[in-house]
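Structure provided below as structure tokens; questions to follow.
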């Protein structure tokens, strides 16, 4: 399927090859590690340190936005696995996120609340949400074997509508439209991450930020592991040329289904955690719009890159703030500031894709390569 | 029995709207292989053009419809030129997301124009209905069915006999090869969007002439065309029509009978029935009823 | 001779009206280089597609490595040890050379999704071991310089070589080559010929070769099968096939007896 | 008459592929362009026919003139309208179209007589006529190549750029293609022929260029090139004297004789 | 970030410094937040007028000299939450340190999404709905009868005045709004010995086929609708066109004057009545007068304005009484003042005693509402046909818990 086949990974790599500065490796292990150059290693370390400093510099509301952004980054990584790596465009991500959210809410929800809740601890409900969503993915996967491209996309979209119907009707679980329910209890190692009281000196925003950060780091590594292993390669093969992939021994059905299941697992844990942080949510949350938002994260961040997914998710999370910020500098005349904000949201997504179709990751590689090649240009 | 026939008739009439909307998607798909998520906004704008022409310029329905179609076509072209042309050759899903951006922007502007009130376009015969065999249908719906039939016929002829039709499809299949044959790819895109904008305007104007008219939430109707185009096959004109009508029928029949026949499916199952039908069709035909199968050969 | 590696009997394949293959029979033996020739549309690629499970013939049997593979799915056949290259290059353009070759080793990785997710331990060890094998192939095909480049941007000739490499990485029991030297100049053709010979002599993999370059076929093949309109018209040593009147007709079009004799004479 | 002066082409803003190429394709001639894989032949053709920007390429220097009109700023449809047709490398048929639809698209710019144009192509390639209602994507490789060639002919271009038309064709069809090129040339079409099959190309061309690493390194009448020892060695493979492929020595390494 | 950083002076959301563009330069400033549905959400057509009316309300308060030495600003912290609980929550987090109270929080699950934080922050809020659940929440200040009582009164009225004696059908959205009303209809149907059925319907004019079919099948005497205006018109118009005749009563959000320009207009005139918590825009009362004057620029009046305006009175009352307390206007005092209010001066738009938070809902909840009829001459297309009253069902209703439970 050529839908998402992007230009081969970009200017960057090309120029490395052409300009030829082969990085010396002395063993294959070294070649296979995550951060396989010194610069990358230093970069990662710097980034992690920075992430631990940030919470002490920002206000709580912004921290929560970032925390939610990091949590949705895991969902974006999941979508990138199925759509970016394996090339199966899914508009059904919202459904799997919903399945995860409700699984989490039921298992980890307040047993005395009005909705079904078992009050299980987080280390059970979080993975369980992933597993249940993955099972849903397993059921849907076989559709992907028969369908291609936009047909698959719209069919997965149908899933969102069917899911919406189920979520609306299963009122004991979801509360129904316009009513909603509470997410799971956010308590881990005896720390209540939802409490407004400071937790060992940390505000709620800070605590949630750290929770999200750790969550993201774990799943980003898992995502990266999948991507760099034979599984990730097989995904790429299925995406680029499925007949050729089959002929070299890749079982198409198995890998398409696996891609859906893995992606749904990521979606499931994201859903459960995200809505536990949000607090109250209703079936309307898992609409086409949510699916599209995730697709936008993947496309804006960069198809088939883990770090791109993270950047894309943070960008989409911050986008309302960005448009809010800009809108307040435009004098309102014809449009109210809110209409302006909403329009800017649309325009920024468009502008981004038009001017940098390779996504944030593309910008990043370009900057990196600029410095690599410095001071020589061609 | 009358209830059944009446619901078939209602579904048929509603299906005509979906068919028109589906045709818009198909036009864009045929030339670009993109699903345009901007169709809802184009429909809303088209309906508002019709509204403006009748209530502000004092035109009557039919001239207003023509004005709306022309303006819709121009709007479609503008969208293509400004937002999509710079992206020629980029992955189609990137383009699809861009159309979502377009949709957001246009809909906000339309809402700004509409304000809180529904806007309706008066149909010449008002709410008069035609009665026969114990069934009834509003004249406005009949008008819609006729207009749909004429439009479909015109488009089908265009694609059959005009070389532009073939050139449009060629463009979608492979832009470089199309360029090498001397096909003006940009013109094809613009044309497709213009037709899609015009079709959306017809649908929009009729929607605005129905019931409470066009309001801020009416855009959702356009999403019903998505299962329709999949059922019919993304690139097929007859497919769009049959898909649209099928969705209308299934929806109407389910709405009437499901609460009694299959209450366990839950409230308002009619809303998702088109998607259920879509799943069924795809299980048998992965490219919809009339879609072109993608060639895979090594 | 020993047991055939692959044996095709009475294969018939038709696509709505077009009879692509009719009554195709042949065997390929151990360490043999078997060539298939024929005009365009004769059905050569279709034979490959039948062998590798992309097409399912309506009639006939295909036996490979001791099992009946008719009706098996492509990846199952691949895992039995059949590898091929394609007439139109079918590489994974977005992936780099190493990844393309590693994909060739997919069946040999020997770890599942769980190990992949965990990475450390089994998966990592397997990756390193297989990477080593891939480096040997890189070495063999002399493509060291391109390792980390996405194959989409490499010159055509190199891509053809990488495709061969990917097939070799599968450690196949039978290798199918579809027009390996099409679009290559004399020098590149020689390079490719050398690799084919090396594969035959050093790796001892039996091969089926489809090629329009008669010089190459006649020089390299042990046996040749000529086809026309989906039917084998002659099978035998290159020399026998070359002078078969039906083969000459298939290649030159209708000829009168005199020219036929002349051509046969020239070839002899 | 098509002239190229000092042309430079860059992909993705950084990869310099053509480094000052100059050549002339005189009216009514067949000119052959040879070169190893990756030399930049296809890139040159793209630059001539306005298809570079689709590949993120751009002309950064130099000039292309068609009958004294500089055309390097034109887009492809304009160039096609000016009478320059191209057969793209690698059988780019519209897979989902039938054979006939492909030919009709080929005649997009043709004024009138489309049916005759298609009929002429069917005469040249009778297989295509048999397969006229078949989906082009399912044709065999060679049949697709014929279709690509036929499609370009329907447009009746004044100048025809051919990018490896013999690729994957059986000897008999190669000979046929060769005849067709001569035929259309005799009818007044100027031809620029890119070929790996140098024997074929040089045997019908009046003039030949050899390209290497984005530069023209040889520019001679075709007959001279055909006699040139290096050319024979590199493009024609083992001439009559060469031994069988089986005897190729392993130590024989690829060498370039220039640059 | 500014606004609430003067916590040293009077606490968050209140400053000694004058408001931006203050009317009374010497006054301090109280900041009220609004979290509404202003652009793309389903309630945007209603929420925009509501918000505009609330701006006008507080402008008038400022023009009259402010409250306890403060001007009130409701313009600076307005957020568009698109009717989405998640965004609602985010927007609240953004403004939580900057506001004294929420002048508007629109939507039930939306409000629930921030209720815990509001409680922790001592922030009270004015809902933009009439939900029975709010009668049971201390920090939510609701005006007028809930949908539930409104529906009981509507049914009781129809039984008395329109001769309904057989069958009542409730067509409603499945949410808090429709659910609350349907519960009221059911209670009233039971009390009046009517045959009751209910049908849930979805938003969107094109999704009303099932609702229309239900009407045609059941042929009810009374149809009680709780949807949006377009849906109501589609159902009523569709059923009427196919021969159904009966009485239709809709909750207040089912009406929009522009419906009189649609093809459903004749049917509406013949059959439709609106149950509402107070008199529409054109009603004659000092409060209505003040509102019309303050909103003189409005081109097409609607009862969204009326609602937005009325809802603010209790908040004004709470601010006033907090200003008289020890420590003056602070969040804590406002919460306390609100919970002790036993009446509010609605300037005649509602009876003063209609607002009473001081006691069990069973005792203090307001149960009276009005019925309006279509009146093309009235500014918003409807005028009162039955004055403020509670029907027998509402009067006798055992109100221990909300009619329609929002989640706990």
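Per-chain residue numbering starts at 1, and chain names A, B, C, D and E are given in the order in which the chains are listed.
What we mean here is this: a contact is a pair of C-beta atoms (placed from the backbone, for glycine too) under 8 Å apart; a residue touches a chain by one contact, two chains touch by 3 or more.
In UniProt terms, the chains line up like this: A, B = Branched-chain amino acid ABC transporter permease; C, D = ABC transporter ATP-binding protein.
In this text the structure is predicted, and so the values were computed from the model without any measurement.
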Steps needed, at minimum, to go from subunit A to subunit B via contacts: 1
Between A-E and B-C, the pair joined by more C-beta contacts: A-E
Chain located farthest away, centre of subunit B as origin (C-alpha): C
Inter-chain centre distance, subunit B versus subunit E - centres from mean C-alpha coordinates, in Å: 37
Chain centre separation in whole Å, for subunit E relative to subunit C (CA means): 76
Approximate Å spacing (C-alpha centroids) for the pair subunit A, subunit D: 47
Geometric centre distance via CA averages, subunit C-subunit A, whole Å: 42
Overlap residues in subunit E, where contacts from two or more other chains coincide: 39-40, 174
Sequence positions of subunit A contacting 2 or more other chains: 5-6, 14, 168, 243-244, 247, 339, 342
Multi-chain contact sites of subunit D, meaning residues that touch two or more partners: 138
Subunit C residues within the subunit A interface of the complex: 52-54, 73-75, 78-79, 83-84, 86, 90-96, 99, 102-104, 106-107, 109, 111, 113, 115-119, 123-124, 126-128, 131-132, 135, 146, 148-150, 152-153, 166-167, 170
Residues of subunit B touching subunit C in the complex: 298
Complex contact set, residues of subunit B against subunit E: 3, 6-7, 10-11, 14, 17, 104, 107-108, 111, 114-120, 122-123, 126-127, 129, 136, 138, 140, 209-213, 215-218, 220-221, 224, 251-252, 254-256, 258-259, 267-268, 270-271
Complex contact set, residues of subunit D against subunit B: 49-51, 54, 75-77, 80-81, 85-86, 88, 92-97, 101, 104-109, 135-138, 151, 155
Subunit A residues touching subunit E - in the complex, by the definition given at the top: 59-61, 64-65, 68, 112-115, 168, 175-182, 196, 278-282, 284-285, 320, 336, 338-339, 341-342
